[in-house]
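Listed after this line are the structures, all set down as structure tokens.
Both complexes below contain chain A, partnered by chain B and then by chain C.
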Partner chain A sequence: MEEKYYEISSDNIEKFVNNLVAQNNEVIAPKDKDGDTFYDKITDFKDADLNILLPKLSFKEYLLPKTETLFEYSISGSNINILDPLENAGADGGNSGKKSVKRIIFGSRPCDAGAGPIMEKVFNWDYKDEFFNEKFKNLYIISIACVQPDNYCFCTEAQLSPESSYGSDILLKKGGSGYYAKVITEKGLELINSTSENAGLFKEIPKEAFPADKDWKAAFDIKKTQGFLDKNFTSSYFQEKFLSCIGCGICTYTCPTCHCFDIQDEGTNEKGKRIRNWDSCQFGIFTLHTSGHNPRVTQGDRYRQRLMHKFKVYNEKFNKYLCVGCGRCSRNCPEDIDLREITSELSLMEDNITQ
Partner chain B sequence: MEKMNDKLQNTAKELLENKEVNLIIGFTKGSNPLRMRSVFITDPNDVSKLSFNAHCVQDLAVFLKKPEVKKFGKIGLVVKGCDEKAVNTLIQEYQLSRDNIKIIGVECRGAVKQNLADKGEDSVKQSTVYDKCLVCEVHTPLLYDYLVESDEPAFEINGDIKPYAKIEELDAMSVEDRNMFWQKEFEKCIKCYACRQACPLCYCTRCIVEKNTPQWIETNIEETGNAQWNMIRAYHLSGRCIGCGECERACPVNIPLMLVNEKMARDVFEKFGYKSGVDINAKPVFGTFDANDFNEFIK
Partner chain C sequence: MENIYLPKLAVIKEIIQETSDTKTVRLTVDGASIDYLPGQFGEFSCIGEGESTFGFASSSLRKEFFEFSFRTSGRATAGINSLNVGDSIGFRGPYGNFFDTGKMKGKDIIFIGGGIGMAPVKSILEYCLDERNDYGKITVLYGAKTVMDLMYKNAIEEWKSFANTDVVITVDPGGETPDWKGRVGFVPTILEELPVKGNNAIAVVCGPPIMIKFVLKSLEKMGFNKEDIITTLENRMKCGIGKCGRCNIGSVYVCKEGPVFTAKEIESMPNDF
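Now for the complex of A and B:
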């Protein structure tokens, strides 16, 4: 659709969010939890903590739950009963299984919003993952542009920007009497026009009145990072650099775009379920064969895999990077491994080789 | 700090030059001025990278379990007193030969909590350091081959802050309330197992949670699975945990894991008079048998 532009006051944005809650939508926003911020369900606009840069975890769990039931079974005698999640909302009441409630993320950052369509490509590449698609279809994203990224942020290098609207249904920018709003998708328009009261809170403005993006400059060229990865699979860089990696997997668990999962069967002979859990390429067991052979035997091999997947393989397939530059992996790494530093370093190494 | 760093670097250089070790693991400057990270040095010319300050939060003993690191054979390790106890425990449990490690002990005056440092905190005082620093008995490591003395003054403790205060609070609760407390904490768990990876003493090549024939621990992130994982890990660490606090620091969802570990350590001391990681010649408390044990079943 053609993008639409609005202005909305601070008071009205509060009313809008509270109306969305009152209309029985599940509204998720950054929320303080014991001194740290996480995406969580809010029941009032005031619950949302919009002053922080980024919640500690992304909102990935609303697209790919940490544990998701694929089906349940029960056996009695010769009767085998399969509970199909198509007809069943799943054991945890909606977050699991193919049925999904309408869910609105309010106050996400452009990096997190960008992760949705990036993941969607994987979940629809050959097999159409109905579990993901159902949730993605029902997820509405209202993001707020960043003003000041921190030292771990590199969204601009990752081909987004602190003001990018990629993946958002509505992008808000602070200014005027509160916010300016850019509505990118039909879903965004649907939220605004959900009631006449909501529609009245937004004042349409011409495109020119919407504040222009700043001229964000990338500090390094991510294509050169890819260039290095293309040619240097066996580089000693990986083995040396990642001696300091303890393989905890926090980088992948806090990453908005990492999407690997592990399928497990849990239960007894009579009753049980098949679930999928988040998994991580940083675990030694991730590629361990039943024969005992492990093709990624060192942590250097494993971190190289993460870099290759994000900045080479995914790009070759989908012409986009599997990274939104949110910097969570670096901020949360207990050993202070900094992905921005690494991708920048590799791009410079590529420079030195090609010169 | 200058004097400390000089001594640290000279010691490392000597060890590498004399081929007494093949690798030095120490601290170096991190991604911002208030973060430090580990550095792996094999070339004596690189020792200038080594430094130490109150932001050296990591327990470098964790690397001793890594196969890639073990390959280096003789290793020189820079350790604070708390972390050095992990080295002792590894020796006690036959995971490390005393001959293969040169312990470069640093006298530590307390480590600034990383979450505070990330917000700009740079001073060492009772309100900024980890709880373990408030009860620390090993500012000078118990065992070392080389000691790098601190040139910083000790911070003042006036009793205003009670370390691990929540433990007594939990002890006073009813079983139901205590259970509720932990259920709420474990609910946050995302099963990333970073607590395990960050632990210098979680060295099993195949963790019990990865065994599925039979499956001992549920892998889901629902109530049972989460409680099973966190409680089993606590049991596996009781009488062994040396209190470095790396599990809690690594946890991305802020589960107060040190409350469990510290509580178990207190119980083990109370019941068996044993403190972990203190003596490399002591038998691990759960690896020994005593005819005078207070439990009947064991006799």
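Now for the complex of A and C:
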């Protein structure tokens, strides 16, 4: 779709969001909870906390829940009955029985918005994962551009930017009487035109009137990070750098793009369900064979896998990086292992090798 | 809307107790086998206990059933172990690539299996035996830790009955019994003593990673090209279809691009398996 541009006042954006709530959509926004901010359901625009840099967690859970039912079963004698939740699928991938709830993230960060289409490639690589697809299809994303990244942020290096619209349906930028809006997708247009009242809140402007992006400059070249990873699987860097890693897995849980999962059965021998749960490549058991053999023995082996997956393996398959540069893995790491620092160091090491 | 994690229910037709802790299960879906090829794998589950990954152990040319072998070692396999003939097993698949039988036709083949790694070897071996005239000399080398750990005792007798087919069974030193009539020695050692040469020949290998490592060295000594050594990698998997993210070796997803690889392909992979 050809992008469209609008201006909307602060009062009107409030009206717009409250209208979306009133139209029985599930509206989710950054919201204060015990001193931290999380993406959470709001019932009024005033619940949204739009002044923080980044919510503590991304909204990954709305696409890939921590725990998700793949099917339910009941057993009597040698009779097994299997119930497929996708038969009643909706925005929550079938796990509430409600059909097609529109779920709107208001005030998404550009990095978080970028994670959706990045994960979408994995879930549609050959076999189509409709649990993900149903949720993704019904998720509408209104992002607000960042003004000033912090020291853990590296979205620009990760090929996005604080003002990137990749993965957003609408991108807002502060300015004018409130916000300027860029509508990127049909889904974005659908929200604006959902009622004539909503459409009236937005004033269309020419493309030139929409504020241009700042000239964000990458501090290092992520392609060189990939270049190092391509050739240095056995580098001692991985074993030394991650000696302090305690393997807690928080980097993977807080990551908007980490999507690895485990499958388990839960229930009695009469009824229960098969579920998938978030898993983490940082755990030794992740790759442990039945025989006791483990391909990834040390924490260095495991963090190397995380780097390889994000900056090499995924890129070779899908020509993008499995990282949006949000920096949550680093901010939340109890050992202050900093992914921006690591990717930067690797790119410099590649430079030194090729010189 | 297709649910890619939804298993079919396969009915247990027969259970063979192979050793004290291993079994082979013969299954049917709608009264017959399913379409698959040797080398491929499936996700087999005891509904309510869990799902696990196993390669097919039967020849896909035999249409009355398909089979897999397992060792009871965790919750999912303990669940499968508790099932009886007539019960149902959850099945997803077949997944992954398969042995290139076109490339094997007209050639001598040595099949090498260690422990429960013999299961996928049995699948392609019996496939070749089912069309015995398409292949040259067939040699089977199967090793287990001890005599008690030898699986497929009935199948071994069947293999021996084919013309131009040598079957060599070995157990690790110390694993023999007083009345053991087979060989004693590790698989790579026995392999190098066999009258097998690498010209116009294919080697199929599966077993524990450490056995594969040494067998590859022995085969190269015996004159096999790396392109003519075929193995299957059995990495830990959950989904089997390229989503869950744990079976990769470098950029290769074993579940999608494997599990069958040549030694040449393995050589180009990082040491992450």
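What we mean here is this: the second predicted complex is superposed on the first by the 339 of 355 C-alpha atoms of A that agree within 3 Å, B and C clash if a C-alpha of one lies under 4 Å from a C-alpha of the other, contacts with A are read in each partner's own complex, and residues count from 1 in each chain.
Operating definition for what follows: a contact is a pair of C-beta atoms (placed from the backbone, for glycine too) under 8 Å apart; a residue touches a chain by one contact, two chains touch by 3 or more.
A quick note: this is a predicted structure, and the numbers were derived from the prediction, not measured.
Of the two partner chains placed by superposition, only chain C is touched by A:Q305; chain B is not. In the superposed pair of complexes, A:T287 makes contact with chain C only, with no contact to chain B. By the touch criterion defined above, A:Q264 reaches both chain B and chain C.
Shared-chain residue A:S347: touches no atom of chain B or chain C.
After overlaying the two complexes on the shared chain, residue contacts for A:Q226 are found with neither chain B nor chain C.
In the superposed model, A:F123 lies in contact with chain C only, and not with chain B.
Looking at the shared chain after the overlay, A:L243 reaches chain B, while chain C stays out of its contact range. Looking at the shared chain after the overlay, A:E335 reaches chain B, while chain C stays out of its contact range.
Chain A residues in contact with chain B (one complex) as well as with chain C (other complex) are 262, 264.
The part of chain A that touches chain C in the complex is made up of residues 70-71, 73, 75, 78, 80, 82, 84-87, 89, 122-123, 125-131, 134, 233-234, 259-265, 267-269, 272, 274, 276, 279, 281, 286-291, 293, 295-296, 301, 305, 308-309, 312-313, 316-317. Residues of chain C that touch chain A in their complex: 1-7, 9, 45, 47-51, 71, 73-74, 76, 86-88, 208-210, 234-236, 238-239, 241-246, 248-251, 256, 270-273. Looking at the complex, you find that chain A touches chain B at residues 33-36, 38, 56-57, 66-67, 91-92, 151-152, 239-240, 243-244, 246-250, 253-254, 262, 264, 266, 275, 277-278, 280, 283, 285, 297-300, 330-332, 334-338, 341. Residues 30-32, 35-40, 58, 62-63, 66-69, 115, 118, 190-194, 197-198, 206, 210, 212, 215, 218-222, 225, 246, 249-250, 252-254 of chain B touch chain A in their complex.
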